[in-house]
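All chains are identified by letter, namely A, B, C, D and E, in their written order; residue positions are counted from 1 within each chain.
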Amino acid sequence: MLVGKVVGSVVATRKNERLIGAKFMIVEPMDNMAQKGRIIAVDNVGAGIGEIVLVAMGSAARIGCDMEVAPVDAAIVGIVDNSIGLMD
Amino acid sequence: MLVGKVVGSVVATRKNERLIGAKFMIVEPMDNMAQKGRIIAVDNVGAGIGEIVLVAMGSAARIGCDMEVAPVDAAIVGIVDNSIGLMD
Amino acid sequence: MLVGKVVGSVVATRKNERLIGAKFMIVEPMDNMAQKGRIIAVDNVGAGIGEIVLVAMGSAARIGCDMEVAPVDAAIVGIVDNSIGLMD
Amino acid sequence: MLVGKVVGSVVATRKNERLIGAKFMIVEPMDNMAQKGRIIAVDNVGAGIGEIVLVAMGSAARIGCDMEVAPVDAAIVGIVDNSIGLMD
Amino acid sequence: MLVGKVVGSVVATRKNERLIGAKFMIVEPMDNMAQKGRIIAVDNVGAGIGEIVLVAMGSAARIGCDMEVAPVDAAIVGIVDNSIGLMD
């Protein structure tokens, strides 16, 4: 997983029907993460712009968030409210 | 997922038979995305060259787009028509 | 898999309910690993900050650590106590 | 998926028995692809050295090419014979 | 898949119980491969330090090497003994 900041959102009116109702958030990973650059993640926890979040990628996003047959490869699965060593 | 622009397409006459009928689009991710450089994605929503699209990667592309047993690892699953913070 | 050092941890009070009880550790891969930069991995072996650990990524983390339906894409699955050629 | 050129092949006499009969081709992705550097892909369409091919990666290679229980993570699934915008 | 050289090994006494008996090898990919930097792969073919090997990554490592429920995301699945164009 990665930790990043929600910096925006994307709307797609024309889309795969299994994505209806999904909120697509733009997440900017923290600078020291392995993932360099933004990803689009479906919100699973009610995250808002500016919040620091935990993102799961790959099949974990679908299977772990009850979207097993949706074309989703990343999901926001937690709001980070405390950390040790995150910014070092 | 990532957001990118459809910049072209690829034709393969000789191919795995489960790919017959698939449209292979070349997608250039937006500059600030984690994915740096183009990918080939199967079109699931009727996207055309020049459109800004949402792409799902990995098993999500197959399973989410009813191509479960096809050798497909990326699919265009939405046409982006609005966004907040995408270009920042 | 990769070998890295546990350098911190992250707490998310608001999270996907299948993550309740999970410990999210920040792992910094060794310099010569393919993965450049930190990842967040769920602890499966009782690892502490400062320890050198083995991390499995992708579906292996979920399926191999009895978290099959949780949104987890990385897990600490061993504490490294000996090696040949790790630092070369 | 990615588009690349077949630039060589690899032989492994001692191997996992589910790989017996597989042809391992070395594929160099086109310069503007996200994948930077060569991968080894199992040939599924009779591709030869010098041909421009379409490669599927991850579980799609196994499941889409009837090698479901083989340790294969990339497969050549098409021979590219036409394209728009590939070289831009 | 990738081709690389076995450059070392790692021992983890405290580990996920499904990893008992597994040999963790450090593999350095050839310079021109897409994977830049070392990975840890479970040995499936009796590879030794110094040998040039074929490595499968992701779910292919687990499913293709009869470790379906183990937290393993990379496996050595062949010993390379011949090649065309590998070093170009």
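Observations, loosely collected:
As a working rule, a contact is a pair of C-beta atoms (placed from the backbone, for glycine too) under 8 Å apart; a residue touches a chain by one contact, two chains touch by 3 or more.
Everything numeric here is computed off the predicted structure, so don't read it as measured data.
Touching chain A and chain E together: C.
Its C-alpha atoms fitted onto chain E, chain D is found rotated by 70°, rounded in steps of 5. Averaging C-alpha coordinates per chain places the centre of chain C 30 Å away from that of chain D. Annotation: 19 Å between the Cα-based centres of chain A and chain B.
Shared interface positions of chain E, defined as residues touching 2 or more other chains, are 35-36, 58-59, 61. If you sketch which chains touch which, the chains form one closed loop in which each chain touches exactly two neighbours. Traced around the ring of touching chains, beginning at chain A and stepping first to chain C, the chains run A, C, E, D, B.
Per the touch definition, chain A reaches chain C in the complex via residues 1-3, 30, 32-36, 44-46, 54, 56-61, 63-65, 75, 77-86, 88. Put simply, chain A touches chain B in their complex at residues 7-16, 18-19, 24, 26, 29, 35-41, 49, 58-59, 61-62, 68-74.
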